[in-house]
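Here the structure comes first, spelled out in C-alpha cells, and everything after it is commentary.
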Amino acid sequence: MLEEVSAVDQGDMIINIGPQHPSTHGVLQLVVTLNGETIKKVEPHLGFIHRSIEKMCESLTYRQFIYVTSRMDYLSSHINNHGCALCVEKGMQIEIPDRAKVIRVLMDELTRIASHELWWGAMAMDLGAFTPFFLSFRERETITDIMEDTCGARLTMNYIVPGGVMAELHPDFQKKVKAFIKLFREKADQYNELVTGNIIFQSRMKNVGVLSKEDAISYGCTGPTARGSGVNCDIRKLYPYEIYDQLKFDEVIETGCDSFSRYLVRVKEMYQSISIIEQLIDNIPEGDFQAKTKAVLKLPKGEFYTRVETARGELGVYIVSEGATTPYRIKFRSPGFSNLSALNHMAKGGKIGDLVAMMGTLDLVIPDIDR
Amino acid sequence: MGSASMIVLIISAIVFAVGGILVSKLLFKKHNSVVKGEAYECGVPTIGKSWVQFNVGYYLFALIFLIFDVELVFLYPWAVVAKSVGWLALVEIIIFMFILFVGFLYAHKKGALKWM
Amino acid sequence: MWSLGNIAHSIDVWLNQTFSPALALLIEFVIVGTMAISLFAVLGLVLVFMERKVSAYMQIRVGPNRVGPKGMFQTFADTIKLLLKEGLTPTGSDKFLFNLAPVIAIISAMLLLAPIAFAKDFQMWDLNIGVLYVSAISSVAVISILMAGWSSNNKYSLLGAMRSGAQIVSYELSAGLSILAIIVLVGSLKMTDIVASQETGWWLFKGHIPALIAFVIFIIAATAETNRAPFDLAEAESELTAGFHTEYSGMRFALFFLAEYVNIFIVCAIGATLFLGGWMPFHIGQWTAFNHVMDFIPSSLWFFGKTFFLIFLIMWFRWTFPRLRVDQLLNLEWKYLLPISMFNLLLATAIAILGWHF
Amino acid sequence: MTGIGLTHILFVSIALFFIGVYGFLTRRNMIMMLMSIELILNSVNLNFIAFNKYLWANKMDGLFFTIFIIAIAAAEAAVAIAIIINLYRSHRSIDVEDASDLKF
Amino acid sequence: MSAIQYIKDIYNAVKSLLIGMKQTGYYFTHHKEIITQNYPEEKQQLAERFRGEVVLTHDSNNEHKCTGCTACELACPNGTIKIVTKFELTPEGKKKKAIDKFVYHLELCTMCNLCIVACPTDAIKMDQAFEHSVFDRSQLTKVLNKPGSKIMEGVE
Amino acid sequence: MTAQDIIFYLLAAFTLVTGFLAVTTTKIFRSAIFLLFSLIGIAGIYFWLEYEFIAAVQIIVYVGGIVVLIIFSIFLTQEAGSNLPDTTMSKKITGGLAAVFGFGFTLLQVLQHKFIGTTEQGIEPNVANIGNRMLGVNEFGYSLPFEVVSILLLAAMVGCIVIALKKPVEK
Amino acid sequence: MTNEELKIKLTELLPSATFEEGGEWVNLSVAPAEWKPFAQQLRSVDGLAFDFLFCVTCVDWKTHLTIVYHLTSTIHRHSIVVKSKLDRAKAEIETVCDIWRTAEFHEREQAELFGVNFLNHPDLRKLILTDDFEGFPLRKDFEDPINMIKL
Amino acid sequence: MDVAETNLKGDTFPGEVHPVPGGDIVLTKLDDIINWARSNSLWPLTFATSCCGIEMMSVASAKYDFSRFGFEVARATPRQADVIIIAGTIVNKMGPVLKRLYDQMADPKYVIAMGACAISGGPFFYNTYSVVKGADHIIPVDVYIAGCPPRPEALLHALISLQEKIKSGQTREQLKTEKPAQQALPKG
C-alpha cells in the first residue's frame, strides 16, 4: 500500500556508514541511499585500509612475505600463513613432515574457532546485546593463551613457515587444548540459549539479507556466507589440503539463504572444528616440525595457485615467480572482497537496522578486503 | 506545598541545566576550528543536504497516536469512577473502545502502522 | 520510628517559628530546590554507577574499581570531566533550540519528581491528578528529543529523533492503558490514595491476572519510553552512532544523559507506586502481626528498595537483549501491547466491578 | 484572596485570539496557519474555562465543552495536516498562494 | 493469524527471553565466574615464548655474542635492525669486524621472530617486556648493545 | 498583589509573548516550539485556575499530541535551517491593524459587559466529578457526546489515513 | 571432466586459443577481442558451466599486461585459467561483470591498480585508491618517491 | 601534583616528562581536581582500523576490562569522546578522515597511537605507496605504545601513562590551552 506513495515521495536520503562507525568493524565506508528507512542502494567504498600488501610482497623474500599476510585477515592469521606456506611449498615441491601437517591443521581449526567466537560476540554487539561479546571473548582468550604459548603472539602469529612450523609445540599444548574443548562444550550451549534461541535475535536475522544460491555463486561468495545459501564450497572438502581428507567432519550447509542461516553455519562450524581438534589432539605424530629447507628460498619460474579455507571463505594465493628470491607478482584472492560485493544485492529493500545484521553475518575483515 | 513546588522545581531545573552549561562555558576556554563545527558523519564530509525528507509513513504514527491519545484522555475520568458506577461504565467504555478499535483495525489493514 | 515526613514537618515548624512566614516559605523553597537538584544529581551518579556495576557483573568482569573506594567516584569523575569539556555547537545548527533541548529534557524530568511519594508523608505535591500529571509531563520529554534531533543539523540525529518520536508516542499509549488498569481498581488518581489502597497487599498480587499483565506491559513500555535497550533505537549505536545526541558534547550531553537516568528512576518509582505499593511495606491481608513487623522497616527504604528493584530489572533487560529493529518495535506496540492492554483494561474493570480483587 | 478576576483572563484569551488572527492573516505557510488556528482554539477554551469557573461554577458545561473542543481540535489538526501533507506531496509546496490556484 | 497462534507466539517469545535473562542472571549472581585480572597490580604470567621486543643478550661480563654479520638485518622484513659495524683490533693485531651500534627500531618491529631464527650465533632473543608506552616516539629507537660491551670470546 | 497574582501575570505574559513569537518567527520549527510554550502557558493558567484535569489534558493532547504531529509534519515538509519567506510589509500592516482593532473592539465590549454568574455552590472540577458527569445518562450527563466523540475520532482516523495514503495528484 | 577432455572441448569452442602446459589446471590464452563471447560460452555451454569466477588478476610483464581469470564450475568441479595479453599503453578488454557479477568489484580493483580499461563496465570509478591518485601502483614502473621508501 | 614533583618522579614514567618553562607556577587545587577528573574519565572513541583494533577489543573484554579505569564508555561519536586510540594502520585515504575525526572531538582530547603501524607505519614502512608513516604526521599523539599488536596489558599501560601525563599537566592540550603565558617564555 505504501509502496506507491514512497515512489512518489522524493524522500531519498544518502547517509554514510563508516569509515568510523561501530558496525562496520573497521574502516569501510558504506554510502547508503535510503528511502525512509528502507535501503535503496548500498555502495561500499573501500581503501581506507589499503596497505598495498601486494606491492610490498614483491620486494620481500619468500620467507619474509608471510608475516605480512598475518595482518591481512588477522582473525585467521594462521590460515593465511598456511595458504602462503602451501603455495611456496607447492612451488618448491617441499614435502613437509606429518607432524607439521597436523600441527598446522590444529592451529587452523583453533584459529577458526577463535575467529568465529569473535564474530559471534561482535555480531551480538552489533545487534545491541553486549553480554555475549564478553562471554565469547572469554573462550577466545583461552585460545589466544594456547597460541601464545606455542607461537609467541596473540594475534599475528607468523608461526607457519614454508617447510613446516616455526617452533615445536609447547609442552602444555595438549593439556590446554583439552581443557579448552571441555570449556567450550560446557559454555557453548549457554550461548545458544542466550543468543540463538532468543526471539529478538531470530526476528532480527530471519529473512534478512536474503542471498539465493545462484546469486551467491555469481557474486563469488565463499565460506560461511555461501554455505548459508546452500552452496557447498568448503575447500577443505572439495580440494583437501594437508590432512583434511583423512579427517571426519561435515561441511555445514544451511539452505535458509538469510542472515540466520549464515549465523547457524558459523555456530555449527565451531562444533565441527572442535570435533576435528578432538580427532587430532591425541594423535599428533612424532617427528620433525619442519622440513629441511634452504636458507634462501627460490621458486622456479611459473605460476602457483593454492587455496585454503579461512574462517571467512576461500583464500587464494597466486604467486607468479620469475625464479628470483622474491615473487614477481603476488595476488591474494580474499574471501571478504567477493562477499562484500554481494552486500548491495542483499541489502536492497531491507531496513537500515537490517544492514547491521547483514554486515554482522558477512563477517567482514576490512584489511582482508583492502589488502 | 501544592503548586508552589512546581515552580520551585521548574526554577531549580533551569538553574541546574542552564547553570551547568554556563559553568562549563566559563571553565572551558574555547578554541575553534572550522571543521569542528561541521556535522559529524563518520569522519567524512556530509554527502548532500543534512536535511532529509521523510516518508509519510512516519507521520501516520503520530496521527494515529494522537487519536488514541485523545481516547486515553477520556479514559482517565472514566477509570476513576468506573468502580463506583458499575456495569454502566463497562458498557459505555466497551462501546467507546469498540468504535476506536474498528478504526485501529482499519489502520492496520491499510498498512498505516508499518514503519518505512 | 523516624520518618522523612516527620523530619520535614519539624523543619517546617522550626522555620516558621524562627522566621517570618514569607521568609520561612522562601527558605523552604530554597531547601526544596536544593534538595531536588541534589536528588537529581545523586540519582544520576548512583544510577550510572549502578548500571556500570550491574553490567560488569553480568559480563563476568568487575567494573569500575579504581577511582575511589571500589570505584565509587567513577561517575563523579565523569561528571566533572563532562562539566569541563567543551560544549560544541555545530555550525548550521539552530543554536537556540540546540541549547534549549537539554534544558527541556531536564525540566520535564525534574517536574516529574513532584508527585512521587518517596516515603510516608513525604511528597512534594500530592496532586489531585497524580498519575495523569505524570503522563502529561512525560509527554513533553519527546519534544526535547525531536528538538535536539532537528537542531543538530545532522542526519543521524534527525533519523534518531524521528524514530524516537514515533517510539515514545506509541509506547505512551500502552503505558497509559496499563496505568489505567490500576486506576480502575483504585478509583483515584491521587498517589496517596493509590498507595493507601495497597494497605492490604500490593496490586501486583491483589489484582489477579490483569494487574500482572498490566505490570509486564508497563515495564516494557517504561523501558521503551526511557529509550533503554532493547528499545534504544533513538541512539542505536551500531546504526546511528549516537542517535539524537550525536552532536552533543560536554555538559549538554551530560544533561541528556542525566535526564535519561532520572527518567528511568521516575518511571520505576511510578511503577513501584502503582504495582508494588510505593512506600507501603509488604502487607498480607489480615496478618496483623506480620504486617506490623514489616512496618518496622522505614517506608523510605521500602520505596527505594522497590524502585531500585525495578531499575535493576530494566538494567537486566538492557544487558541481556539485543535491540529490536524499528519496525519490529512498532509492531510490538501496535500489534501486541496496545490490543492486549486495551483488552486487559476491560478485564480489570470487570474484576473491579465484581470486586474479585482482594 | 486574589485580585485576578474574569476580565484578566478574558484579556489574555482575547489577546491570544487576535495573535492567532494576526498569524492567520499574515502567514502563508499552511502549517503556520494551522498553528494560528490552534492558538485561536485555545483562546476559546480559555474562555470556556474562565466562564465556567467564575460564572457557572455549579455546572460543568464549560469544562466539558473544553474537553470536547480539545478532542475536536485534535481531530481537526490531524485531518488538516493530512491534507497539508497530501498537498505538499503533489505540489511540493505548502504555501497557500501556490495552492489556491490549483483545483484540489 | 489465529488467536491460538497469537498466544503461542507470545508464549514462545516470553519464554526465550526469560531463558536469556536466566543466563545473565546466573552470571550476575555467580561472581566466581569473573575472570578479570587487575592488570597493574596483578600481572598475568606471560608465556615464555611471548615476543615483546628483541634484546641482545649480555652476560655478566657485559659481553654479547653478536658478530655483526648482519644476517638479522637482512632477514628482517621491514628494516627494523640496523647494524653499524666498526673494525676492532684484536690482541693479535688483526682487524676484526664488530658491532658499533646495534640499532633497533622498536616502533617498526613486528615481533615476527625472523631475525632470531636467522642469527647464527643466537646473540639476540625475544624478551617478554611489553610495557613500551612512551610520550615521545624517538625514545623507541634503541641501541641494543650496552655501552662498553664486547663480543664474547670464541664466538665467530 | 499576592504571589498568586504575580504568578498569573507571569503566566499570562509568558503565554502571550511566546504566542506572539510563534506567529512571527521566520523559522518554522522555532515557531512550533513557541507555540508549544504558549500552550504550556495556557495549561499553566488552567493549573492556576485549579482546573488540573483540563491542564493535564491540555498538555497531553496539545503538547504530547498536536505539537508532535506538527513537528512531524515540519520534518516532512520543511527544510532544516531554511527560513520561511518573510511576510510582506503591507500584509503585516493590514494584518496587524486588523488584529489590533479587533482586539480593541472586543476588549471594549468585554469591559463594558457586566457578567452575572450564579451564586450557587460550585462543583469541584476534580476527576471523579468529571467522570461521573461524563458517564451520567441523566440530563447533566455527557454520555452521549462521550460516545459521539469516539465516532468523531474514528472518522478523523479513517479520514486521515485515506487522505495520507491517497496517491497524490500529479502536477 | 579431466583436463584433457576440457582441453578438447575448449579447442572446439575457440580454435584460436593457445594452451600452456604445466600447472594443475588447464591454462589457456585468448585474444582480448575474443574474450567476451568466449566467456559467455564458458558460462553457458552445458558440459562446461563455469559459473564461479573466483579470481581476476593482472600481471605486469613490463612488455605487456596479462589479465588472468580463474574459473571454476560448481557443478562439474573443474577449473581453468584464462589469460589474455593486453597492450600496456592501451589496455582494454570487455567486462564480464554481466556474466559473473563478482567481476564488477574485481575488475574495478584491477582497473585502478593496473590501469586496465574494462569496456562497458557499469561503474569504473576508483574503489580502493583516493580519487586523485595518479598512476597505477601495481605496475612495475610505478614510482612514488614521496610515499614509497625503498628498503 | 605540581610540576616540580613530577620532575622528581620523572623516571617512574615510561616516557619522559619535559620540564615546563616557568615550572615554578604551582598548580592550584582546582587544577588538581580537574586533572584528576579528566584522567579518570577517558572515554574512547570506537575507532579501530585493523589488527590492533582486535587487541583493543580484548582490552574491553572481561579479562582485561578497561572499565576498571572508567574507560568503558566507548562513544561512537567523536563529540563525546576524550581519547582516540589509533589502533591500526593509517593509510593515505584514511588520513583526512582521521584528521577530521580528531578535529571534531571536543576539547580536551588525547591521542594514543597503538601499535607499530600507528607509530611509524610499522610493517608497512618500506615499499608501500599508501601507508602514512606514523599517525603523528596527521594528528599530534600523546602516548605511543609499541608492539604489533601490543598486548592488551600494554594498552592498559599506555592508558595509565596517559593518566599520569594528564595528572602532571603535561599533555600537549594542557600546555597549549591552560598556560598560554608559559609558552611565551623563552626556551631554556
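Letters A, B, C, D, E, F, G and H mark the chains in the order given here, with residues in each chain numbered from 1 onward.
The rule is simple: a contact is a pair of C-beta atoms (placed from the backbone, for glycine too) under 8 Å apart; a residue touches a chain by one contact, two chains touch by 3 or more.
Everything quoted here is computed from the prediction, not taken from an experiment.
Setting chain H aside while every other chain stays in place, the touching chains still form one piece. Between C-E and A-C, more C-beta contact pairs join the chains of A-C. Averaged Cα coordinates give chain A a centre that lies 25 Å from the centre of chain E. We define each chain's centre as the mean of its Cα atoms; on that basis chain C and chain H are separated by 38 Å. Chain F has its Cα centroid 28 Å from the Cα centroid of chain C.
In chain G, 129-130, 137, 142, 150-151 are the positions where the chain touches two or more neighbouring chains simultaneously.
Residues of chain F in contact with at least two other chains: 53, 57, 60-61, 64-66, 68-69, 72-73, 75-76, 80-81, 127-128, 130, 134, 149, 153, 156-157, 160, 164-165, 168. Multi-chain contact residues of chain D (touching two or more other chains) are listed as 67, 70-71, 74-75, 77-78, 81-82, 85, 89.
Residues of chain A touching chain G in their complex: 45-47, 50, 52, 54-55, 59, 215, 217-222, 231-233, 238, 302-303, 305, 314, 316, 318, 320, 328-329, 331, 333, 337-338, 340-341, 345, 370.
Residues 13-17, 62-65, 68, 116, 119-126, 134, 136, 141-148, 150-151, 153-154, 156-158, 160-161, 165, 170 of chain H are the ones that touch chain E when the two sit in their complex.
Contact residues of chain B toward chain C in the complex are 1-6, 8-18, 20-21, 23-25, 27-28, 30, 34, 36-42, 46, 50-52, 54, 58, 61-62, 65, 68-69, 72, 75-76, 79-84, 86-87, 89-90, 93-94, 97, 101, 104, 108, 113-115.
Residues of chain D touching chain F in their complex: 1-4, 6-12, 14-23, 25-29, 31-32, 34-36, 38-39, 42, 45-46, 49-60, 63-64, 66-68, 70-79, 81-86, 88-91, 94, 104.
Within the complex formed with chain B, the residues of chain F that make contact are 7, 47-48, 53, 57, 60-61, 64-66, 68-69, 72-73, 75-76, 79-82, 127-128, 130-132, 134-135, 137, 143, 146-147, 149-151, 153-154, 156-158, 160-161, 164-165.
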